[in-house]
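One chain, subunit A, links the two complexes that follow: it is found with subunit B in the first and with subunit C in the second.
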Partner chain A sequence: MSDLGKKLASIAFDELGADYLLAMREEHGNVAPVMLARGQDPGEIRLDVPYQLVNILSNIYPWLKDGKVAVVTRRCDEKALEEFFKRELFDPRRILKIGLACSKEQVAKCRCSDPVPAKTHIGEPQKAMEKDELSEKLMAMPPEERLRFWAYQFKKCNKCFACTLTCPVCFCDECILEEKTFVPEPGIPPGMSFHLIRAYHLADKCIECGECERSCPAEIPLLTLRKLLAKDVKEIFGFAPGDRKTVSPLLTVLEEGCNEC
Partner chain B sequence: MSVEHVLTTCPYCGTGCYFFLQVVDGRLVGVVPCKTDEISLGRLCIKGYNAHAFVQHPDRLKHPMIRIDGELKPVSWDDALGRFAEELRRIREKHGPDSIAILASAKCTNEDNYLFQKLARAVVGTNNVDHCARLCHASTVTGLLYSFGSGAMTNTVPEFEKADCILVTGSNTLEAHPLIGSRILRALDRGAKVIVIDPRDTPLSRLATIKLNQISGTDIAWINGMIKLIIDEGLYDEDFVNARTEAFEELKEAVKGYNLAKVESITGIPGQMLAEAARVYAKSKKAMVAYAMGVTQHSNGTDLVKALANLSMVTGHIGKESTGLNPLRGQCNVQGACDAGGLPNLFPGYQRVDDKSARAKFEAAWGVRLPEKPGLTLTCAIEEAAAGKLKAMVVFGENVMLSDPDLNHVEEALKKLELLVVADIFPTETIKFAHIVLPAACYAEKDGTFTSTDRAIRVLRKAVDPPGEALPDWQIACDIGRRLGSKGFEFSSSAQIMDEMASVTPIYAGIDHARADNTVLRWPCPAKDHPGTRILHTQKFTKGLGTFAPVHHSPPAEETSEDYPLILTTGRNLFQYHTGTMTRRSPKLEREAPEPYAEVNRADAKRLGVSDGERVMVSSRRGSIALKARVTERIIQGSIFIPFHYAEAAANRLTNAALDPDSKIPEFKVCAVRLEKA
Partner chain C sequence: MSDFNPTILAFCCNWCSYAGADLAGVSRLQMPPNVHVVRVMCSASVKGEYILKAISQGVDGVLVLGCHIGDCHYMTGNHRTAKRIPVVQKLLKDVGFDERRVRLDWVSAAEGEKFQRVITEFVEEIKGLGPNPVREVMS
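Moving on, here comes the complex of A and B:
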């Protein structure tokens, strides 16, 4: 058992009283997500590869009948969990957090403005990045040129749905992107509406973990798209996702007697 | 409660992406990409993300079956295999070993395939063993063996992104090999020049630096045209040609007549644009060629492959980092099925069956006399069955009743067989004609290895149990081998089979499961301490000097006529895979492309009075199918495209079984058809 594995197991099972631990470890020359039960050897734990564990957990959660799961959580994972709790998709009593402060390199890759978890168990907290260079470059462009940039990027899309499948805050049971009315074009690329609908759908949920961008085979700078929209939502509505106590300003409550819909 | 993430290999195209199968208490719940995998880089296509969806589908074959009074009835393994062995023995005694053919499978592991060919050669006593590589890259194997001495990708998948120029022809890379397409996109974003030459507009051609549309079946003309221009303008690599190749004078002579004007008249590609493409390719420091079925599936496919080899050699664009000629293999283990000897003229590792010393080696290893006459190819086996000469066919995981050309003829052939045994995972179109059906384990239910398109050994790890009584193919092969009295089938794991294969296959000599488990090994890997080979032909070609082949344009086997005025070309789309056995049972994939269609050029549609979405009838000299028209600019005028995935409108009812004389690959990419309102 490695030192990191020992430390992690001790936090999860002794300190937090979890029944399971969700982390990553080295297997077959690669790094794999791993769910360990109390007492199992954690092996060569590796926390330097940015698997989106909350998304991985959301796949497994419906099958977990009982027990508490300790999850290695970066700051963005914490915020994702808040969105789950807000919608009562996870029972907060069953999810325990092991705070992981991201490395300087990871913070830079994510252009992350909020990298430090509420409680850091592992890692050294790093300074936030205040700006995303591509965002600034794009906003300095004339609108036509910016449109050309995104049109080219979206033309590379091969409709793998990684951006939704790997997204921790894509919650809908029925995905609007699979609805022919909204994404009518047969084949690929799916057209700009695909990406814009998705961007708007996540406007009040995206916690900027960057997993969509990392998973995109076409390397469309999706995190920049998210950051640009998040900035607008913050400026216009004074709202940022990732806190279970706040309500999205985009949720409209209809007056009684409204026959509009 | 058990939750596992099992690292395994994608069962679709030949790129060889690793991913994790998520298993909760024996139930497959999802796919997670592997972020540290050097091939996929933690990315997948839509098929990869849905590769769990069909595995536990209720339609899976769960019990062996025997046809009794016209109907398939479940029986025990003992009864099914007992009957199988008895029938095989009877037919061999009555009609001789060459009346039996075994089809190996590009969907099965290296270990499975090694046993299939051993079963044919060492037990039945025939070289009649082949598989669907005959339908995809047979001409690559024959063509590149002639030119270079090795018929595989010369480079690796990751190298694409570092190339300065990538010439893609006859490959719809983003749809058919999405994660190789993604490397090409990375190259494009870096500023590399991407040239796409294809009769269709593809998602990649729409992003390409240079996009040219040729008339189907005219490729040798544009390749020879490029070579002539490159020689004439002094852009060829004289040092390379002198030091590394032979027969350059013959090549020069052969391409003499291919001036731009003549090439334009044959191919429809504007001369100046072709010249520009030739210059960009020749002048680039690191240039890759990628090609697939659009090159190989022609009745002159072998010549076409040789023409591309000429182009790479004349420019010296071969044998270096991010520089080479790369056939993209389309099935998860089509490379491995060829490597393991699932071919009628070759033992494992491309050792010839008609070579006395190779045969002596295998005779010593297997302890039996082996037949020296090369066997029947898949396409010729169908012919022989139709003629009543082939009596038995054993099919491991292939769906010939949808994948082969001229299906009406295939159907007649299958009906004539005295014995058709099919081992598969789902009830396929082929099973309708089977006498014995054996339920097989799929990729997620067994251990073993695939060899990806870039010669990398990829490991399969068992994630879940097979349904019902289904068994891994290698276990089925072992059982039948033992029942036929052979002693060479005493294996208790797939790792042991690889050990035997490595001992008789020099290019795999250094490969075993323990090494492949945590390292990416690419063949040739001749010793246990050898790291494997990323780039082929670096110092010299496998055969010594590379050979230029003087090849000429010739028209396709079937040309358009008044009655059949359009050219039909067939292929894949992104969402479905081959005969749809797996993808059509995966809801998210089926949702994206649920029905057959014919892509028709807007001008042709207008002339024929056909509108988008309208039902049309497409007929060739061999059959007719009804399907929807998809009116588009994405195909050139005079041609139509139909994907071959759909049984309800099977494109292969129309296709021509005209064969390339060297490789016996059928001409799937050109046949003459008529389109009319249904």
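Moving on, here comes the complex of A and C:
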């Protein structure tokens, strides 16, 4: 039993009083998510591999009849969980959070502007990155050049749907991207509408975890596109996702102007 | 660019703007023939996806017309539209389209002349912007 596994298990089962622990574990040289019950050997727990465990949790949650689950959560997982709580998909009393502060390298990789969880159990809190170089470079370009850049990127897409499958906040029952009205079935690359519709769908709920970018086999800078739109939504409405108390501005009415209702 | 004839999609809400368009037609107001009118029950039923699909398939401009704020047949339908369209515009701007290609305006059933004015202005604006670059860059 490794030290890290022991420490994590003691936090989850003794400190927080959980029944299960969801974390990443290394087995035979591969790292995969694992669900541990109380008393099981945690093995080689790995915390340096970024993965949205909330995504795994959303898959197994319907089968979990009872018991509390402790999840290793970075700040982005935490925000994703808030989005789940907001939509009442999870019971907040059954999910316990083990706060993990990202390492400096990880923060740099995600260009993360909000890396510190509400309560840190493991890791040293790091400073946030103020800016995303690529998005600044893009916005300084003339629009035609920017369009050419994105067209080149979108043409690399082979429509594998990895970005939607790994996305923690993609929880529609029926995916609009699988409807041929919006994205025609034959044809790779799928064209611009695929990416634009996906970006628009995530406008009020993307928590900028970067999982889409990490999982993309064509290495399209999807996180940059999300960051650009998140900045716009923040500018227009002053809204940022990741808080269960706030309501998406796209679902509310205007404050001024309506005298009759 | 005088020979460029833009293709423009106009989503008109059933209760105000479509009636406004009807009035403009009945009053024989002259306007450019580039506009394809799509009748929808409410401007809020125009999903962002429709606009994004239209633009990414090469439509030169999209107009969304609804009732004035406060006059919506469904009380607060057009509030949603008013919040949705800026996000779509910003997204288009982020990937390099001109955000003026999408426009939201309010036309009531009595405003045939405003309908004519909006259409004429929008067509002129799109003529100034030139054809939608998506066909060229995605081919």
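Note that in this section the second predicted complex is superposed on the first by the 250 of 261 C-alpha atoms of A that agree within 3 Å, B and C clash if a C-alpha of one lies under 4 Å from a C-alpha of the other, contacts with A are read in each partner's own complex, and residues count from 1 in each chain.
The rule is simple: contacts are C-beta pairs under 8 Å (C-beta built on N, C-alpha and C of every residue); 3 or more make two chains touch, one makes a residue touch a chain.
Since this is a predicted model, take the numbers as computed values, not measurements.
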Between subunit B (first) and subunit C (second), which, if any, makes contact with A:Gly29: first, second, both or neither?
first
Is A:Phe237 in contact with subunit B, with subunit C, with both, or with neither (first, second, both, neither)?
second
With the two structures laid over each other on chain A, which partner does A:Cys216 touch: subunit B (first), subunit C (second), both, or neither?
first
Would you sort A:Glu145 into first (subunit B), second (subunit C), both or neither based on which partner it touches?
second
Contact-wise, after the overlay, does A:Ile197 reach subunit B, subunit C, both or neither (first, second, both, neither)?
second
Counting only touches as set out at the top, which of subunit B and subunit C does A:Trp63 meet: first, second, both, neither?
first
Name the contact category of A:Glu136: first (subunit B only), second (subunit C only), both, or neither.
neither
Tell me the contact category for A:Lys155 with respect to subunit B and subunit C: first, second, both or neither.
both
The shared contact residues of subunit A with subunit B and subunit C are 155
Residue numbers on subunit A that touch subunit C, as the complex places them
139, 141, 143-151, 154-155, 176, 182, 191-193, 196-197, 199-200, 203, 225, 228-229, 232-233, 236-237, 249-254, 257-261
Sort out for me which residues of subunit B touch subunit A in the complex.
1-5, 7, 18, 20, 22, 24-25, 27, 29-30, 32-37, 42-46, 48-49, 174-175, 178-179, 181-182, 185-186, 189, 203, 206-207, 459, 461, 517-520, 573-574, 588, 591-593, 630
So, in the complex, the side of subunit A touching subunit B is made of residues 20, 27-35, 37, 49-51, 56, 59-60, 63-65, 67, 152, 155-156, 158-162, 165-166, 178, 186-189, 214-219
In the complex with subunit A, residue positions of subunit C that touch it:
48-49, 52-53, 55-57, 69-70, 75-76, 79-80, 82-84, 86-88, 90-98, 133-134, 137-138
